[in-house]
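Please find one structure pasted underneath; my questions will follow.
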């Protein structure tokens, strides 16, 4: 509907656009088309082409590109962090499929790993949420494996993971220990433009059970993520190394890198076994 | 009284309408008649018929129908969730009788199971409340039995169940452990348009006793619900399967499905015993 | 004083009115006379008679009569609940004497048991308060004995009982365990039209002692109330059964019912002993 | 100074007035003289006499007399309660000397026991505070000894005693267990006309120590007060009995009653020993 | 600079004034000179002399003199309290040197012990703070030793001591047990003209450790102060006795009293040993 | 860009300025140039030279110089405190390189140790944060080693260290014990111009774990800092002694002092071994 107002280039793949704009409201879509028309005008092109639409979509979803000067070490760090997210998104069976990875800073982030949900989901299964957790923690785990240390760069990931697990335990009854009970805490209300914390409606002892479950689930997922990533360290390094150069990689490019890394590993294993014939 | 202002079709069963509008105020009833008159006009009919009255009533009670695109997997999930509610409402002796089940999304919900209270109740017995709990948890338990996993779709059920059990324990003296004492917490007052939590008027230790009782009662009911539902899994599957196709089923249709499922089970048991004659 | 302004019928017993309006302020009494004059006018009577004064008084104290349709089962439930209050008021030595029982819904209540304090009390003894507790819990205990279950109908009773026992323990030094210490909590102040909870001025450990004492006192009284009521179950059933029919019973009628029930029981015991001569 | 403006009767004893108005500000004194002049005028007397000055002083300090109808039982209760205060004020060595006892209701109180501080005190010793506690708890202890039960009438006493002991423990370092540390809690600030509770600045464990000390000190004083009062029960009964009749008794009258009671007891002991010569 | 505007008498010792006005701002000094000029005019003197400057300085630092009538017993109490402060200020090696002691009531205080800091300090050592604590607690300890009881008069001392030790433990890392960690609690912010307590940012367990440390440090200092003061009780009594008469004593006078007391004690010891020659 | 508007002297090293203004916004830089131009005019110089630029930069970053009169003892204390920071900045491998140390009071501080971050950092490693902690605690540890006592002068250091470690534990997942969980507490919101504390969203037990980790990490770093500093006490004393005289020392001067101190120590060790030849 929204695309009727502007001339579209032949390369525009509306279905691909739709996939990347799952969850967009009508207003969001109108905004997307306007932004694309604007960019087209600025670049003195006559038709809105696929690349312009993607640019417009990224600006809306991820924020404007930001010029940040990173040292080589920090760039490498960001590349491995994003590669960690991407690898887990590619490996975990229920994770939303990988779309793109970039280390071009945008908005508040130094890098972004994008996934596209296969469909507009309404009810989320526990198993799906656990795989999403694995992807979120993948960045931190990659730092650990490669640099033997963690950084402040995972702050937003930790916050997101904790919030999700808290909802699993407190609102969705996904902890067997706490059962099908709903626990309310820290709901925030807007009062004259600010948030206000609320008294929890449960006891200190329950609060401790909740904390223990959150900690248990997160550390369990972190452990499994580390286990999986170590098995696939070749892929991780291949992706991060390429990412430092290319800065942005699409899903199909990432897949090639991973498959090549697999092939490499197998051949090097063969070599290895050639030297250890018994 | 309210129906005097509009011409009614012959098929209108006022008693049936009355049953479905238990708890309606005079204003609600007037609203119902207006809505029905409006729908009748829009459909260019001359008299308000039963189907139009039911539509008007549903819009008021459940919210307007909402167009939501569900994947086949999600549709199946919703069907089993609602079938779980419906099966328990049919099986539990004190539960309000089943009226209708639908998986057409309305308001915030993806599906609805409706029961009609036999009479306008004022004092609720403990046994009645426990059966109502079984119906509420039936959706989640059905997900567990069929898919071996739970989803975020039961969030509102958990909240409702917890609030009800909390009132049983804290306001209605229905826990022997805590006795005929009234515990006040989290009463909310409106201040400049928002709610504010209150200090509990009991000790931390009492808070823990309350939490333990809430958890104990809910998990006990969940366990029993699972036990009952597993015995009647044939009915559950029959209802859910039909629901995916029909999308909406009335009480009499559901009863037929359940009875047919019972018959099936018995005959298959006979077959089974035929093969195991000893 | 207030009755000088209106013509009174011969049947008006001012002393009886005075007993039923203990605690009325001058304004309340003026209000009572006005209300009675209004009713007299509406009924086109020339003098304010006793029945009109009682009606006016009831409307002020208990709220206007309310039309509520109760099922037979619920009516029976309410009758037994009120009969429980009334029986304890009649049996307990320090309880204010019984005045009237009704199951005609008024204001928020489905039934009312009225007692008249013998005098305007200023200092209340511990023993008096414990008997008042027995009357309050009598409704719930009656439900337990007759139906083997409790209902949500005792919510207001539990709240009232808890508040009274809390004041006994925290403000009146009536718990030996906590002694002559005053504990302040939850005092509420009005701020811009709403209440605000206050921090308790005692420790968590003291809070637990207070809770334990409240629970101990209430469950002790409940236990004793049950013991007493079971001994007098004949009276309870006689009163409740009559109440379902009569809907309202005055003190003298209730007394007759209780005495008749006592006589019945004695004769049936005699019969019983006649069959078991040894 | 203030008395220069009005003509004084010969019976006016300014020193006696001064003793009864310790702590009065200049404005209070001016108020006293005005009130006395007003009363003098109302009674059409020409000079302000001693009785009028005392009336004026009482109205300012204790509130206006209030007409309250007490049953005989309640009057006896109030008399014993006040006699309990008065007896302890007379017996305890550091208590401020007794001035007057009355059971004429005034302001919020049903009776008053007045003491006159010998001097305007600035620093209060621990031993003085403990004796003041004994006087405060004397009313409740008297109820216990005479009626074997306590009443709600001691509510204000308990509050006052608790506040004083709390300050002894938390602000004046008078508990060896808690030592010379200042503990702040519940200080109240005025904000838009209301008070607001404050977070304590100490731990839960310290809060418990404070509570335990408060409870220990109060119950210790209560125990000692009971011990002392039981030894002097003859005096207590003599005073209370006279008070029921006289309603108000001055210090010198009370002294006579106590001395007479002592003499009685001694003679009855003599009688007793006469009958038990061995 | 400020003294240029007024004629100074020959006895004015500017250095002495400077010592007594450490910490004064320029505005404070200007205020001092104005006050002194005013007093000089009022006393019809032509030059500002030393005594007038001292008066002016005292009024600014300590508040105006206040007429309070103390009983002899209270005067003695205040004298021993201040003598306690003064003795510790004289004895403790790191305490700021003693300047003057007075029992003339000023502002809110019944007496004052003044010390003059040798220099304007910026960083305070732990050992200096502990000696300052000894001086603060000296008043209470003196009451204990002489009267065997404590009074409410030490309330402000206890508050000051607790606040100081709390800062030592929570902000200055001076407790080995809690280490170099900063604990924030009860910081107060001004909101519409009032203070608001803040949530502590540490756990209940840490709160208890803090409380225990505060209590330990204060009781340790109190114990040591008592030990030292008992050894020097002769000096304490000499100072207090003289103070009751003189009401104000300067540092040099106090020193003479202490030295004379020392000499007395030695001679009386000699006498004692003369009688116990073996 | 900003320097185009003013004539620069030949000695201006723009790269050096850039290093010292890492993190400056455009407005900050404009401010710097204006301030330098102003100083140049005030000193009647024609070109902005290096020294003037440095002065301008210091005034913006550290605040204006403040005249504070310190005793010799306090000056020595400040010198050792700053020397402690500086020594750790020089010794710890990941600490930002040392730039300058000064004991000229500025703003609120009595002395300042400046480091220049090698690059504008975005993600901070755990190891980097631990070394930064060592530098912060270096001041306090130096006081301990040299004076055997700590002072109130480290208050700001303790606050900064605690805040940093709290974020390591609660937001950056850098404590193995608490794991990759985000804990929110005390976030402050601005409401009518003031901050408001928030309820923690975790249990008391977790709060204790957090406190224990904060305490453990800080005391561990303090212990290691003390160990390292004691090994290099010669350097510490050399720097502090020179600092008392010079008041300000640049990085290259400090390096010379440290190297000379090393040489001294080695030669004195040689001497020592010369006397203990075996």
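First chain written, first letter: the chains are A, B, C, D, E and F, and each begins at residue 1.
The rule is simple: a residue touches a chain if its C-beta (ideal position, glycine included) is under 8 Å from a C-beta of that chain, and two chains touch if they have at least 3 such contacts.
It should be emphasised that the depicted structure is a prediction, and the values quoted were computed from it without experimental measurement.
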item	value
Cα superposition of chain D on its sequence copy chain E - rotation in ° rounded to nearest 5	60
Computed distance of Cα centres, chain E from chain C, in Å	64
Centre-to-centre distance between chain F and chain E (centres being mean Cα positions), rounded to whole Å	37
For chain E, residues contacting two or more additional chains	192, 198-199, 204
Contact graph of the chains (line, ring, star, complete, other)	ring
Starting from chain B, with chain C taken as the next chain, the full ring order	B, C, D, E, F, A
Footprint of chain D on chain C - complex, ascending	119-127, 129, 167, 171-174, 178-183, 189-192, 198-199, 201-206
Residue ranges of chain A touching chain F (in the complex, touch as defined)	68-71, 74, 77-78, 110, 137, 140, 147, 149-155, 158-159, 161-163, 166, 185-186, 192, 194-195, 197-200, 204, 207-208, 210-211, 214-215, 218-219, 222
